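In the two complexes below, subunit A is the common chain; its partner is subunit B in one and subunit C in the other.
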Partner chain A sequence: MDLITSPLYDAFTPTAISFVLAAIGLNIHFGYAGLLNFGQAAFAAVGAYGMGVAIASFNLPLVVAILVGLVAAVLLALVMGVPTLRLRADYLAIVTIAVAEILRLVFSTTFKEYFRARDGVSGFTGSFRSLNPLPDSMDTFLNFSRNDLWVMLVGWPLVGLILLFVWAIMRSPWGRVVKSIREDEDAVRSLGKNVYSYKMQALILGGVIGAVGGFVGAQGLASVQPDSYNLDFTFIAFTMLILGGAARVMSPVAGAVIFWALLSFLGELLTKLSSGDNPIIPPEFMTPDQVGNIRFAFVGLALMLLMIFRPQGLFGDKKEIALDAR
Partner chain B sequence: MPADMDKTDASVGARAGLRGLATEPGVKKPDPILVATNVSRSFGGLKAVDVDHLEVQRGVITALIGPNGAGKTTFFNLLTGFDDADSGDRAFNGKSLNRVSASKVARMGMVRTFQLTKVLSKLTVLENMRLGATGQKGEKFWAGPFAFLWRKEEEANSDRARDLLRRFKLDAKESDFAGSLSGGQRKLLEMARALMVRPELVMLDEPMAGVNPALKQSLLGHVKSLREEGMTVLFVEHDMDMVRDISDWVVVMAQGRIIAEGPPDSIMSDQRVIDAYLGAHHDTDISELDKAALEVEAMAEIDTLKKEGR
Partner chain C sequence: MPHGPASPRPAPDLRAGPRAAALLLTLVTGVLLALLSVATPASASGDGGEEENSNTVSGTLTNTATDGSPVPGVEMIVRDAAGEEFSDTTAEDGTWSIEVPGEGGLVEIELVIDSLPEGVELRQEDNVRELNLLPGQSLPVLFAIGPDNRDVETAWDRVPGLIYSGLLFGLIMAPAALGLSMVFGTTGLTNFAHGELVTFGALITYLSNTVLGMPFVLAAVVAVVVGMAFGWAQDAGLWRPLRRRGTGLIAMMIVSIGLQFFLRNMYQYFTKGRLLSYDEYLTPAGRDVGGLFVFTSRDLVIAVTSIVVLAAVLLALSRTRLGRATRAVSDNPALASATGIDVDRVISVVWILGSGLAALAGVFLGFQLGVTFQIGQLILLLLFAAVTVGGLGSVWGAVIGALLIGVLIDLSTLVVPADLKNAGALLLLIVILLVRPQGLLGRRERVG
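This part shows the complex of A and B:
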C-alpha cells in the first residue's frame, strides 16, 4: 500500500469505527454535558469483555451477550457517577482515570478463567460471522478481509444511526438542559431541573455508546485484550474529538477519520523517507523502526497548533466549546 | 397604602392582613407562605446569617434591605437550597425545606434570581426562556429524540415566553445569544425566565441593579401586577425609591440578624434602620448631596495644587 491507499484503508477499519464511537460518547460527556470523563476506555472495555466473555465462557447468544455489555456499561457509569456527579467537575475526571486503570488491571490479572489475563478473550466471533452475507470471493476486496468488511458493513451504518440519535436528542429540550448544565449548573437548578439526574443520564448515554464501540472493535480484532484499553485509548478518542471540534454532531467522525488518515499517512511517509539505501532522512535522525512512535509526536504537534490557531476544532463552533478559549 | 388598589386585586386581603401588626422583628403574619426559624450560617468565624424568626406574608411584596455584607444573599441561598444552613428550620407552604435540594425547592414553587446574573450565554434569549418551563415532556430522555412528542408543548412554551419577553422589552432580542445582552438586559431576562417556572413565590436578588430609570418604572408596574395575579414577591434591593414605591412590608437585616420589620413608611423613619443602613441624608435630594460632594472634592483639589506650589 502507498501514501494514498493506506490512509484511506486505516480510516475505515473496524478499529477506526470503535474509536469513532468512543469519541461520539465523549462528545456527549465532554462536548455537550461538560463532563470530564478520562475513562472512556473503561466503557469500551466493559462492552468488549461483557460481550466476549458472555459468548466465549457462557455460550450465550449474540443478542444476550450484547445486552450484557450494555448493562455493564450502565453499571460502570453508575459506579463512576454516583459518588462524583454532585461534586465539582474535577472529581469525575480523577475517578474516571482511576476506575479505568483499576478495571484494566482487573481484566489482566483476575478471574483468569474468564478474562484470560494477557492472552485476552477470544473465540466469540462465530455467531456474528455466521451472519455474514458477503460471498467468499470478496475476501480481498479493497484489501479488507471478508470478516472486516462485514464488521464495517454493520459498523458504519450503526455509527450513522447513533449520530442520528445524538442529533435528535441534542436539539430536544433534553439536550437544552444538558447544554445548559455545561454552562451554569446553578442557573439550571434554580429553574427546577434535577442537574444530578441529567448528568447521570448523559454519562450513561456516552458510556453506552463507548461500549458499542467496544463491541465493534472486538468483533474486528476477534480478541479482547486488556492493554488495548489503556489511557492511550481515551486520549486518542479525546484527540479525535478535539480535532473535529466538540459539541458538533458530526465532528467526532470527521476528527477520527482525519486522525487515522493523518497517522497512517505520516507512518507511510516517514518510512519511505527513512528507508532504502540512501534515505532522505539519515539514520542518525531516525530509523524506520522509530516511525511508529515519531508519528505520534507529529500528531501531538498538529494538535498543539490546532489549539493555538483554531481552538474550537476543525468543524467546531467557537461559541459552543467547553474549553473557554479566547 | 397605594391608591391604585382596586376590587379585583387578589392581594387586597393579604395586604389588609398586614395592617396593625406589631412592627418588631419576627412578628407572626396571618397567612405566611415562608417561615424561617433559628436559621444560621457561619463562614469561618463570621456569622453571615443568624435569623431568629421570619415569616413572609402570602400575596404581598416584601422587601429585604440592609447594608452590603448584611447576609441577604446568603439568606436567599439558605432559603432556596443553594447553601446548607448550620442549623434552623425553613418551611414553604407548611412543608419543610430542610435538606431539600435547590431544584426541588424551585419545583415546589419558590424560584429565585441571582445577584450576579446567571443567563446561559450560549443559548438564545428564547431558549433561555424555554428552559424555564417546568414539567416538559421533551426534557425526558426517552421523549427527547421524538420531536412529535414535545413539539406542541414547545410551541405553547414559546408563546408564553414571547409574552413575557414583550413585557420585559426583550422581544426584539429573542434570537440573539444571551451572552450578547447588556448587564441590565441580563437582569431582565433572568427575571422573565424565573416567571416561566410559574412560581408562587419569586425571590429577586437586586432585580433593578443596572436597569435604566424608565424601564425601572414599567418593571415596578409588572412586579405589582404579579402581586395582583396572586404571586408573592420577596426582593432584595438597595434602591429605596423602589422599596418605598412597591413594597407592602420591609425587613431589615444587618450583620446577619433581622433588626427591624414593618410597613415601608415606619421602617424608613426607624432610627435603628437609619443608623445601620440609610444614613441621616437618605431623604435629601440626591443632587444636593452630589453638589456638596463635588464642592468638597474641588476644594481638596485646589488645596493640593496650592501645596505643590502651582
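This part shows the complex of A and C:
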C-alpha cells in the first residue's frame, strides 16, 4: 500500500459505503429539510444492531432481520422527532445527540446477552455471505477480500438506487414542500401544509437511509460495536456532507469519497514521514501513534474552514443552503 | 478557485479576520500545549533516574471467621506494566504494603493462595486484581477473607452519600453550565466546544502544578486566568469576525463542532492520550458524618470556592452596570445597542467570564475524572442537559440545572448500572423538552 493505492482503497470500502449512506440520510435531514440531526450515528446503530441481534440471537432470516433494523430506525425517528420537531432547530440538535449517546450507553452496558457489551455483536454474516456469487477460488481482487467485494457489489449499486430515489422524491411535490419548509416554515404553514408531519417524514426517511448504512457497515466489518457509533461518526458524516455540498443529490457521495481519500492520504503521508530509522518529522513532534490525532484535528479544522469560507462545499449552491434557521 | 458573485461591499478586512483568528487561536493553544508536551517527557525521564514518584499498594488482611483477627504471613505480589514483580508478606497485624517505583499504570495484584494459613479461605476466588495506579497514588486494596457477615447495606443507606457526591459534582459543573448559558444568552450560540474550555482548565492546572511545580492553589489561579485569555482569544479571533460577517447561528454551531473536534484531538496529541494527575491533594483524608456520608477537606474547599464564585457572578449580573448591560444584550441585542451599550464589549466580557468559569470547573474535574483529553467530551452533554433543564439562557436555571443533574446522575446508580448513570441525565433532558420545553426557569418566548 502506498500513497496512491491506499486512499483509493479506503474510499471504496464497505465502511466508506456506510458513511456515504449516513451522509445521504443527513442530506435529507439537513440539506433538504433543514433539520439539524446530530444523532445520525444512532440510526446506523439501531440498523446494525437490529439486523445483527435478530440474526445472531434469534436466528431470523436476513430479510426479516433487515426489516427489524428498518422498523427500529422508524421508531427511533419518532422518539427523536415527537419532543423536538415543534421546537427551535438547536433543540433537535441537542436531543438527537442525547438520544444517540443514551443508545450507545445502552448498547454497551445493558442486555449483555444480546448486545454483548463492548465486544459487540458478531456471527450474523453467514446468510449474507452464503449468497456471494463470486467464485470461491477468488481470494482477493485489488486488495479487497472476497467478502468485502460482495458487500461492495451490493452496497454501491444500493447507493445508486437510493440516490435515484432521492433525486426523484426531491423533484416531486413532496420534495418541494420539504425544501420550502427549510426556506420558510411559516410560509408553508400558511399554505395549509402540516409542517410537523412533513418534518417527521423527512426525519424518518433520512434515518432509514442511515440504518441501511448501518447494515452495510456491519456486513463489511462482520461485527457491531457500540463505540463505532459515537458522536464522531455523526460529525464525520456531517463533514463529508458539507465538503460535498448540502442539498445536492450526488454531493454526499462525492464528499465521502474525497473525504476518505484525503484522510487516508494524510494518514499514509504522516505515517511515512514520522516512521523509519531517520524520520523526516522527528519523534519529539510526532510519533506514528499520534498520526490519528493530527489527521482528525485536520478534520475539525477543515469543517471549521469550510463552514466559514465555503458553506456550500465543493459542489453545492449557495442559494440552496438556508443555514440560519432560527 | 471559482469566485462567487461579487459582494456589494469590498470586504478584504472581513475575510482576513477569521483567518487571522484561526491563526491566533492555534498560536495560543499551540504555545501553551507545546509547553505541556515538551515539558512532560523531560519530567518523566527525570523520574527514571531518581524514581521520586513512587506509588504504594497496601491493605490489611483480616478474617471474619475469627471476628476480624489479622492474618499474618500471607505473600502478596504486585506486577507492574513492565512485568516486574514486587512482593511483601503480611505482618503480625495483617498489614502489607508494597512500593511500586515509576509512574504507575496498570498493575496486577496477587494474593498467593498457597501462602494462606490452614483453614483460612478467600471469600471469593478473586486473588488476582488488575488496577490502575495513578502516579504518586497510595492505593488500598481489600481482599475479603472468611464468610460475609457484614450488615447488609440497603439502597436507602446509600442515599445520603449519593446526594452528597451528586451535589458536589453539580457544584463543580455549575460554573461551566453558567458560562455556557451566558454565552448562549448573549450570542445565541450553542457552543459545542465549551467542554474543551473545561478540559483546557484541567490541562493548564496540570501543566502549572505537575510539570512546572507551582503550588496547586497558584496553578488553579493560573489556569483560570489563562482560560479567560483563551476565551477572549476565541471570541476576538473567531466568533466576533463571524458575527460581523453575519454568519448564521446554525453555521456557527457547526463551526463550534469543528473547533471541538480540532481541540480534542490536539489535546490528545499533546497529552499522548495519557491519564494524568495533579501533584497535590490527590488522596485527602475523609471524615465521616454520622455514618451518612464521608466528606474530605478537598471537597469542602471545592464546594466553598464554587459557591463563592457562583454567588459573585450572579450578584455581579444583577447589581453591576456591566451585569445589567449583559442582561440587556441577552434580552435584545439590537435594542441594547440602540441604548448605547457596546454589545461587542459585553459579549467579549461574557466570553472571558464564561471561559474562566469553565476552566474553574476543569480544575476541579481534574480530581474527579483525572486529567485527560476526554473531560470535555464526558462533560459536554451533561452541561447541555443542565442548561436545558434549568432553562437555556437563564443564569439561575444553569446553576439549579447543574445541581439537579449532578444529584440525579448519582442517585440513578441506585436503580441502573453505574456505567449507565449519565443516560439518566440525558433522559431527563428529553422529558423536560416534552413537558416544559423552556426549562424550569426559562421564559416561554425563548423556544418558539
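Throughout what follows, the second predicted complex is superposed on the first by the 318 of 326 C-alpha atoms of A that agree within 3 Å, B and C clash if a C-alpha of one lies under 4 Å from a C-alpha of the other, contacts with A are read in each partner's own complex, and residues count from 1 in each chain.
Here is the rule we go by: a residue touches a chain if its C-beta (ideal position, glycine included) is under 8 Å from a C-beta of that chain, and two chains touch if they have at least 3 such contacts.
Because the structure is predicted, anything quoted here is derived from the model rather than measured.
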item: When subunit B and subunit C are modelled together on subunit A, clash or fit; value: fit
item: First (subunit B), second (subunit C), both or neither touched by A:18; value: neither
item: Subunit B versus subunit C as contact partner of A:91, first or second or both or neither; value: second
item: First, second, both or neither for A:190, with subunit B first and subunit C second; value: first
item: Contacts of A:172 with subunit B and subunit C, given as first, second, both or neither; value: first
item: Subunit B versus subunit C as contact partner of A:102, first or second or both or neither; value: second
item: Subunit A-centred angle between subunit C and subunit B, computed on Cα centres after superposition, in steps of 10 °; value: 90
item: First (subunit B), second (subunit C), both or neither touched by A:40; value: neither
item: First (subunit B), second (subunit C), both or neither touched by A:274; value: neither
item: Nearest Cα pair across subunit B and subunit C, whole Å; value: 10
item: Contact residues of subunit A, present in both the subunit B and the subunit C interface; value: none
item: Subunit C - residues contacting subunit A, complex; value: 4, 15, 18, 22, 38, 41, 188, 190, 242, 247-251, 253-255, 257-266, 268-269, 272-273, 377, 381, 384-385, 388, 417, 419-420, 422-423, 426-427, 429-430, 433-434, 437, 447-448
item: Touch list for subunit A against partner subunit B, complex; value: 165, 168-169, 171-177, 179-180, 183-184, 186-195, 201, 205, 319-320
item: Parts of subunit B lying in touch with subunit A, wherever the complex brings them together; value: 80, 82, 101-104, 106-107, 111-114, 118-123, 127, 130-132, 134, 136, 138-141, 143-147, 150, 154, 177, 179, 193-194, 196-197
item: Contacting residues of subunit A [partner subunit C, same complex]; value: 36, 82-84, 87-91, 93-95, 97-99, 101-102, 105-106, 108-110, 231-232, 235, 238-239, 242, 284, 286, 289-290, 293-294, 296-297, 299-309, 311, 318, 323-326
